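The structures come next, written out as structure tokens.
Across the two complexes that follow, chain A remains constant while its partner is chain B and subsequently chain C.
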Partner chain A sequence: MARSGARAVGTTITALDRQAAGVSPRGSRRWSSIALVAPAVLIALFVVGGGIGFSLVQSLGLLPLVGEASLSLDAYLANGDDLVRGIGLSLAIATASTALSCIIGLTAALVITQGRSTGRLVAGLSAFTIPIPHLVGAASVGLLLSDAGIIPRILGIPGTEWPDIVGGSWWIAVVLEYTWKESAFVALVVAGVLASRVARYDETAALLGASRARRLRHVVIPLARPAVIVSAIIIFVYTLGSYEVAWLLGRPYPEPLPVLAFRLFTSITLTARPEAAAVAVVTTLISLAVVALGMAALRRTPLWK
Partner chain B sequence: MTMMIPYGQRVTPDRQATSRSLMRPRPVGRAARIILSGMLALWFALPLVPLLLWSVANRWSFPAPLPTEWGFDGLGTALAQGGVEAFGRSLLLSLAVAAIATPLGAMAARALAVGSVPAPRLVSGILLAPLALPAFVAVMGLTVVLLRLRVPAIVGVLLLLVAAALPYTVYTMRVTYAAHDLAFEEEARTLGASRLQVLWRVHLPLVAPGLARAAFLSFLVGWSDYVITVLVGGGTIVTLPFLVGSFAAGVGNDAIVAVLSLSAIVPPLLLLLALGRFGRRYAGGTRTPSASPLARSEKGFL
Partner chain C sequence: MSATLRLDALTKSFDGRANAVDAVSLTVEPGECLAILGPSGSGKSSVLRAIAGLDSPTSGRILVDGTDVAGVAPERRGMAMVFQRPLLFPHLSVLDNVAFAATVAGTPRGEAREDARQFLALVQLEGFGSRPVTALSGGQEQRVALARALAARPRVLLLDEPFSALDPELRADMHELLGQLRERLKPTVVMVTHDRDEAAIVADRVALLRTGRLLQHDTVERLYTRPASLDVARLMGGRIEVAGVVREGVHRSPLGSIEAPAGESWPEGESVLVVRHEAVHLASPPVPAPQGMTGVTAVVTARHARGPRAAIELAVGSATLAAEVPASRPLTIGQEVAAHIPRSACTVVTPVPG
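On to the complex of A and B.
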């Protein structure tokens, strides 16, 4: 008697469950998931796909502002020298900024995860750096390092003897600004990983008698590597495609790719639009190649799930 | 063959003589650590010093290490040049980006976390893709389309900024939903709560810290953008970064650049502090002391 009652309750619950989930539970859940994910996917797809696609179409001369559409590679050849120089310069700036950011950021993360008062100070100041816009950082670095800046004032060096850090041929101020902002980013990401995952392994290794240097080399750095690689990819792609810092702290010639594209895009000549699009396509290709290389490096780390 | 170890004997070789104990202080290491921390602190703080000094300097002739005449002329000029309007415009734009990108990202992350989205890897890839595409490429490709469709500039700017913010909100909310237990919502449903009640009383409060982080990051995307507003708006949408850029590109505007830059730092900083307090109150002190509020999303802002 009791058993059949329990069975009846069980059947009722299953029936109610089915009713609540609709006629075919799996199908309706699938459709509601698609509806949830659709707006975000459509926007991302439109901006990324449309951005790359229409840049490509414009760069091939198929979508001119005025005149007939005709397929040609003229836009790529029109600024051949500038384009090649821009590629070299952009790659150099991005490589230097990424490498320096990773080294300084990793060091900062190690200091932060020591968890003492000095670590907290570094953690606070680096977190403070994160929300500052790059443009503001660039303006501030200019006020600090230009030949009338605060550093030459403090050091008492006259402007004529101060090296060309801002607007010089080595793009030092640009690299420094990127490194300043992005090292804080690396510190944040890596410190998060170190605090949550690595601490226990590090303690175990210490208890087993590993010295500090060995722990750093064989425990901490291997465990931090995936996070460092991911941040390096993000930084490289960002610095490769960022305009305002190189525009404000750089020199007029040669131009990095985004500055070149920006100048062509906003110029009065109508034929310059396809040329700007050609620079955009080249920048995209480099970005995608770097992302692919980075992902390959990431897959080779033993920790990648 | 196993070796028998007598009870109480040390298995590891006795290294007391050669290695230091873990708790023993190391004066050299301590000094090195303090110097290194000091250098890092200087590295992160130094670029902000000129902003603080110049914002209260009326005159600062060259060799002087400190301003030669203190005052608030920079602030006056900034106000006269439309600083307040630009500030308000930037604030509205960033809030709009956060208000759109956060729910969209949360919805997508929720669907991906429940696990019934077709081709989940492809979908995640598409949602993260804006991170790999330089903003100026998207602008240069889409301007033609937006112009032909007669989309107003501000709508175009919003669309591009929301797309740029989506990777952050989606990622943050995926981390949040990975730690979120759906059983709470099922429990509430079983107890007779309507779907709306579950959403409002159970689901949203449980993911609120994640939503706050996602909203903060998407706010930052809007707040620090320069290229998209300038290129799509064509100079008609005067935001705070636009003003900073145009003054910084000129000569002799140091004080006004400093004032505008400082005002561009304050709102996100206040939000960051609020986020920290919110997260601490919410988490009930379970956070590790060294991790900053952003660290939980394991990916901060660029």
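On to the complex of A and C.
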């Protein structure tokens, strides 16, 4: 990596020399910028492209662990019902987590940018939340909110009367855990965008007669929208593909896509490997579609220039 | 759009430090344009923010049409403000920016936009409505900001150095535009500026501030010709200060005896004669001073180029004078000239103690 970086810098210097010597500056600058990003792009392509490509090939039956290679959609159809249920469940969890994270995160960002002491407190809490791994968060939610958890014990509520937050049919604990961590992410990203610009615009709008609610609707939220959309894309794709939280806090059946994929991948049935790849490919396709939709929404906001 | 604005001992201090604004009292009549002039840190923007309701004063009152606006939120005060940066809402088109006040007031969109179109025409930007604000030049942005503020029909229009980021030509255009808008809409305007020339061009009256205190609130002409103190004379760019004594209404100094202008009387005692250097005429030595002028013989001690003009420094005995002449006039250092000082341009101020 370091060596290729040095080579790229060397290329730039050569490019600059050539530029000085009168070679078309635009062309050489383009080449030098391509050379500069090339190391990162190549590594990303190798990992992402290689991973997706390998899964695709395997899911189509072209790389079986045992037996003859033959092109077929069997792996996609083998767990048809589970796959459809998994898609529905994963979409529901991701949608609920993303929506809640965006609403709570945006509210927190607004509190942070007010600049009062509560704002500093919220900013501190958000910054503290970010480095805690999801796995630790999930374990904590389980310990706190399961029917034998700390909270029902403190409240003196017997496990039988405690709602099925962990492992229940509504996947509440999973959504809660994602929302807890991702809303902190939204809060910091949106606050960062708003902090630099919102105060002056807010004052201007107030002086034009806009009440607090009108300023929120006509100025602050539109200014925050691109940052919220970008955060939403990231959160949706992450929660759709994340395994450990759903596995720890969810119920055994039905399974969200990543849990299903991992179970099939580690299955003792060797023929299940292409089926795991098929689930992974479906997850990837949904993610890509969501990114495309999100980018289209982003392009429609007037601020995205 | 034209309200009376009165400040009554307006005081603002930040965190217990010295007052940023110290007991400023003044009145702006309906349709008048007041310029709050002062160097940076003089508290002029603090006055404006207090009027707008963006900061609450430490003490004192702000009255709009006789009503105290203390505790009234900025959005209910009916004041629109144009800042140094245009601060056009980046997510709205030019037209929707101008229509903003009407939109948030609940006017139907079509009506708000129709109204906005008229204000865009007023600032000579017809047809620019559908553009995004990023497609405007600096001068155009500030015009849109002005149109947006005016479309809110403010009782008082507040301008916080709105043209100081523009180049001189654009500023001149904006000054002319503001003049036209004032003629048509007659808004009460309070403008903050650090530029004497801008204050002179735009405003009817000027409030000169330094370290939060109001030094003089007067017409532009009187600030130049009848400064209330040596501070005012210096802040207005006055370069002639001749120490002397007033006895029986006549100022005696190395310049000789200079009588108070007709109809004015000067207080007895030690005082400093101030007169604008622009008022001093230079002639060849034998030329006698015309009626109403005091003539002294002076020696040129320095000459500074000022583009089309030249600034001349002169010595008259132990006193120094200054004058301005066309750059083409061949005055050289050491040359003897006759300096003619119009009596009507003279005034005296109390010397600074120590």
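Following the convention adopted for this analysis, the second predicted complex is superposed on the first by the 269 of 305 C-alpha atoms of A that agree within 3 Å, B and C clash if a C-alpha of one lies under 4 Å from a C-alpha of the other, contacts with A are read in each partner's own complex, and residues count from 1 in each chain.
The criterion applied here is as follows: contacts are C-beta pairs under 8 Å (C-beta built on N, C-alpha and C of every residue); 3 or more make two chains touch, one makes a residue touch a chain.
Since this is a predicted model, take the numbers as computed values, not measurements.
**Q** Applying the document's definition of touch, where does A:104 land relative to chain B and chain C: first, second, both, or neither?
**A** first
**Q** Applying the touch criterion given at the start, work out whether A:48 contacts chain B, chain C, both or neither, answering first, second, both or neither.
**A** In the superposition, A:48 contacts chain B only.
**Q** Now for A:214: first (chain B), second (chain C), both, or neither, which partner does it touch?
**A** Second partner only, chain C.
**Q** Please work out whether A:127 is in contact with chain B alone, chain C alone, both, or neither, and reply first, second, both or neither.
**A** first
**Q** Look at A:262 in the shared chain and tell me whether it touches chain B only, chain C only, both, or neither; answer first, second, both or neither.
**A** first
**Q** Give the label of whichever partner, chain B or chain C, reaches more residues of chain A.
**A** Of chain B and chain C, B contacts more residues of chain A.
**Q** Output check: A:137 vs chain B and chain C. Expected answer is one of first, second, both, neither. What do you get?
**A** Touch status of A:137: first partner only.
**Q** Contacts for A:201 in the overlay, against chain B (first) and chain C (second): which applies, first, second, both or neither?
**A** A:201 sits against chain C, while chain B stays out of touch.
**Q** Between chain B (first) and chain C (second), which, if any, makes contact with A:275: first, second, both or neither?
**A** neither
**Q** Look at A:223 in the shared chain and tell me whether it touches chain B only, chain C only, both, or neither; answer first, second, both or neither.
**A** Only chain C is touched by A:223; chain B is not.
**Q** On chain A, which stretch or stretches are contacted by chain B in one complex as well as by chain C in the other?
**A** Looking at chain A, the two contact sets intersect at 206-209, 211.
**Q** Please name which positions on chain A make contact with chain B in the complex.
**A** It comes out as residues 20, 26, 29-30, 32-34, 36-37, 39-41, 43-48, 50-56, 58, 63, 65, 104, 107-108, 111-116, 118-144, 148-150, 153-154, 156, 158-159, 177, 180-185, 188-189, 191-193, 195-196, 206-209, 211-212, 227, 230, 234-235, 237-238, 240-244, 247-248, 258, 261-262, 265-266, 276-277, 280-281, 283-284, 287-288, 291.
**Q** Could you pull out which chain B residues touch chain A in their complex?
**A** 12, 15, 19, 22, 29, 33-34, 36-38, 40-41, 43-51, 53-54, 62-65, 104-105, 107-108, 110-112, 114, 116-118, 123, 126-127, 129-142, 144-145, 159-160, 162-164, 166, 170, 189, 220, 223-224, 226-227, 231, 241, 244-245, 248-249, 254, 257-258, 261, 264-265, 268-269, 271-272, 288-296, 298-302
**Q** Spell out the part of chain A that touches chain C in their complex, as residue ranges.
**A** 200-201, 203-211, 214-215, 218-219, 222-223, 225, 301-303, 305
**Q** Can you list the chain C residues touching chain A in their complex?
**A** Residues 52, 54, 73-76, 78-81, 83, 85, 87, 89-93, 100-101, 103-105, 132, 134, 148-149, 152, 158 of chain C touch chain A in their complex.
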